[in-house]
Amino acid sequence: MAKTILEIKDLAVQYVTDEAVVEAVNHIDLSLEQGESLGLVGETGAGKTTTALSVMQLLPDVSARIVSGEIYFEGEDLIRISPAKKREYRGNKVSMIFQDPMTALNPTLSVGDQIMEVILLHNRISREEAKNRAVEMMELVGLPGERFNDYPHQFSGGMKQRVIIAIALACRPSLLIADEPTTALDVTIQAQVLHLIARLKEEEQTSLILITHDLGIVAETCQKAAIMYAGEIMEYGTVEHIFNNTAHPYTEGLFGSIPNLNRKVSRLTPIPGLAPDPAALPRGCKFAPRCRYATPACSEAEVPVYEIEPGHLVKCLRAAPEGRSGDE
Amino acid sequence: MSEILQVKNLKKYFKTSRGMLHAVDDVTFSIEEGHTLGVVGESGCGKSTLGRTIIRLQPLTSGTVIFDGISTDDRRMSRSELKAYRRNMQMIFQDPYSSLDARMSVSEIIAEPLINYGVYRSRDELWKAVFELMDTVGLARRLANSYPHELDGGRRQRIGVARALSLNPKFIVCDEPVSALDVSIQAQILNLMQDLQQERNLTYMFITHNMSVVKHISDEIIVMYLGVVVEHASADSIFEHTLHPYTKALLDAVPVAELGAKKSRSFIKGEITSPIDPKPGCRFAARCPYAADRCRSETPELRELLPGHQVACHLAEELDQST
Amino acid sequence: MAEQEIIVKKKSQFRDVLHRFLKNKAAVISLFFILLLIICAIFPEQIAPYSYSQQNYSETFISPCLAHPFGTDNYGRDILSRVIYGTRISIGIGLVAVALSCVFGIVIGAAAGFYGSTTDNIIMRIIDIMLAIPSILLMMAIVTALGNGAVNLTIAIAISSVPGYARIVRASVMTEKELEYIEAARSSGATDLKIIMRHILPNCLAPIIVQATMSIATAILSIASLSFVGLGISPPTPEWGSMLNDAQSFMRDHWFVVTFPGLMIMLTVFAFNLLGDGLRDALDPKLKT
């Protein structure tokens, strides 16, 4: 059994504005083992990025508030360690790749310097050594080392994303968080970048949290998946659980919404309605207003999480042992 | 069935500091009334420029476009000519945020084309029409006074659809209309567009980079690469009998939301360049795993290899047999 | 039913703006202050306790008291009265000059930004030349050419502040015109004029309003500078800037001779800035709560 490197317990995050309190993440539990890759799937406003930023301890100080919960990383609760320790841990043990490669690099520094900077920040080594490491990293992500002194504008989108990956991996972190790393890229480039991430994860035994809205990417890159909706994890399990034994109506709805390349359907079956306003979430199951199986019971009380098979968790009344037998 | 739009040898070049950018280079196709033509390709392949040139948001460098009996070419069009030409065509834009004027209310946005063309004489008639359009696209009437920023992406895109429908056009250029939307909302909009097409016998030119979406919605598909059409066929034929190596690469690169759907992946290496003063030869040759000497020296013509299935590749026959 | 809703709509839009404006207390107070100044500018005879030019050598440099709340100056003139009469020049010329330069600046800035290429080049080179000349020199040249007087002073100030508007408007027009909603308007048959007036300018409002409120301050100070070199308003007509200048030599011994005109300039500029911010926010539907 591999060791658990990240454990999130009962995490709840709110954003407080003048007018309203937005409940971005509502009491989620998640755990990740070393070398494992988890796909965090959901639509805009589902709380994916907030979850990631909580793990990075990069939530905006002014508006965000962690209401409850613990985030254990290698046994330490990240929420309660000192700011100096947080800095030490960010970039070194955990790194993050952001969505937009166009704005994530400093245009006035050469890419080599930017990679070197991270290495120097977390390691007591000479500039010479750091430079060698940086060139090594560039070659690892498939960039020629001669381009060390080139500036970001001399790189295309896909290559910039490679630079960002090089920066993220420069200190050999044990956890990598990728927030929609390929959304801004073309499909052929996306395939290259995803392949690169998967390969590096394999080689370095890094754990990966991949945030995406694309179930296809999850199917190809991840071992486990968590489906988020309105700040809650609706379904969690291995990709086999999620794709072959879909249990939550929301997950089902997501599958019905995407046109499939391998199958021809004349009409999609979208989820009706809209995602709820995170400042005024419904009572009970957050998905009930859009769910076609919803019963009055769904909106009455908080829905418990059921484990319908080992490791496959579903937050839906239909997954309750008696509910399933009565339904079928 | 009649062809509502014919595009002949359309070229659109832009002058840049590094040379002439061949954004759209000698593109010919036609669309039948009531059909959907999908245009796919990666960023910078000229698909958006093609759409904007057809609707004359940009003048064309050479070639002819005949729409519904009215033709346009590289000469300047007067305002009244343009108005007549565009009367029956509209556009739906990609970004439901920047494509709506933040300072106008929902009803004002939908009413704008009607006012510009002076369709209704009285205000009552105008607003009645606006409300009917809102019903058509599934926007609640109470939202008439709202501003776009108060609404979510799906609703905003419905405003865009209503605006495009307001003049009751025959033909709509849809430039990535669902790319900025969440999947569940994307499906709602795609269904809406299909319903409207059936009800009103609309013709679509559907521009997208999403292979799954284009397959879902199109009757015919054009695949573009660096300003040229590399493959043109019916949707079924393109997916079942892919001929061009670029189309194959595109299909291979799309992640499929199904376990075990993993194909043996053949990545194409490198990245798209830009078609500035292109040299003769196949524009895909630099990234093509099969490229031969001929591909680098001689420009492949678009030719019909299967009935109704055109491809621009010197090696299409050989590759077709080998797979 | 449709008709009913539409009436509601037009009204509510105006009401929205008003509602949002009224919520901003600072802007409302500023508005009242500015209205007060305007009343002073129109009816100084009725408001001011003394005449602005009435000299009294037995009463020079009287500290603020009941008879002279702001004190008197070196000629024994009542400073309060001079400040009240001064609004006529400072506010009057300031507002008119800003309005003029605003209109001209918007027109040429929008033309340059919207049409680009040659039009843009010609306009912007002229603007660059104007900016290359120090604005005080430019104003002096204009006033010297046209002759002294309030009208010519206004024209000089207006011309010298046109470049500021033109550049700001051009820059924001250039960003706005690239957005898809402009293309959408064009493909729905809107004319260039309509696109500029209906779509682009309303969306460029924020920087224009900021520039306008700032330039009122500059205008008041410009009037003062020109008066100082003898090209503006000739004494004894009071004007805040020249009051400051005249009082410079006495300011060590008599604080009130500079304090009150200075305070008026500061409060006026401040009020215009707050009003500008309030207007900008009220007119932006995105900030609707």
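A, B and C label the chains in the order they appear, each numbered from 1.
In this section, a contact is a pair of C-beta atoms (placed from the backbone, for glycine too) under 8 Å apart; a residue touches a chain by one contact, two chains touch by 3 or more.
These figures come from a predicted structure and were not determined experimentally.
Any chain touching subunit B that also touches subunit C would appear here, but none does. Distance from the centre of subunit A peaks at C, each centre being the average of the chain's Cα atoms. Each chain gets a centre from the mean of its Cα atoms; for subunit B and subunit C, those two points are 49 Å apart. Between subunit A and subunit C, the centres computed from C-alpha atoms are 52 Å apart.
Distance from the subunit A centre to the subunit B centre is 32 Å, each centre being the mean of its Cα atoms. Those residues of subunit A lying in contact with subunit B across their complex are 43-44, 156-159, 186-192, 194-195, 213-220, 239-240, 243-244, 253-262, 264-265, 267-272, 274-275. On the side of subunit B, the complex with subunit A involves touching residues 42-43, 152-155, 182-188, 190-191, 194, 209, 211-213, 215-217, 239, 249-259, 261-262, 265, 267-269, 271-272. Subunit B contributes residues 52, 55, 57, 79, 83, 86-87, 89-91, 93-95, 98-103, 105, 107, 112-113, 116-117, 123-124, 127-128, 131, 141, 144-145, 147, 149-150, 160, 163, 166-167 to its touches with subunit C in the complex. Across the interface of their complex, subunit B is touched by residues 2-3, 5-6, 8-9, 12-13, 179-181, 183-191, 194, 199, 202-203, 284-286, 288 of subunit C.
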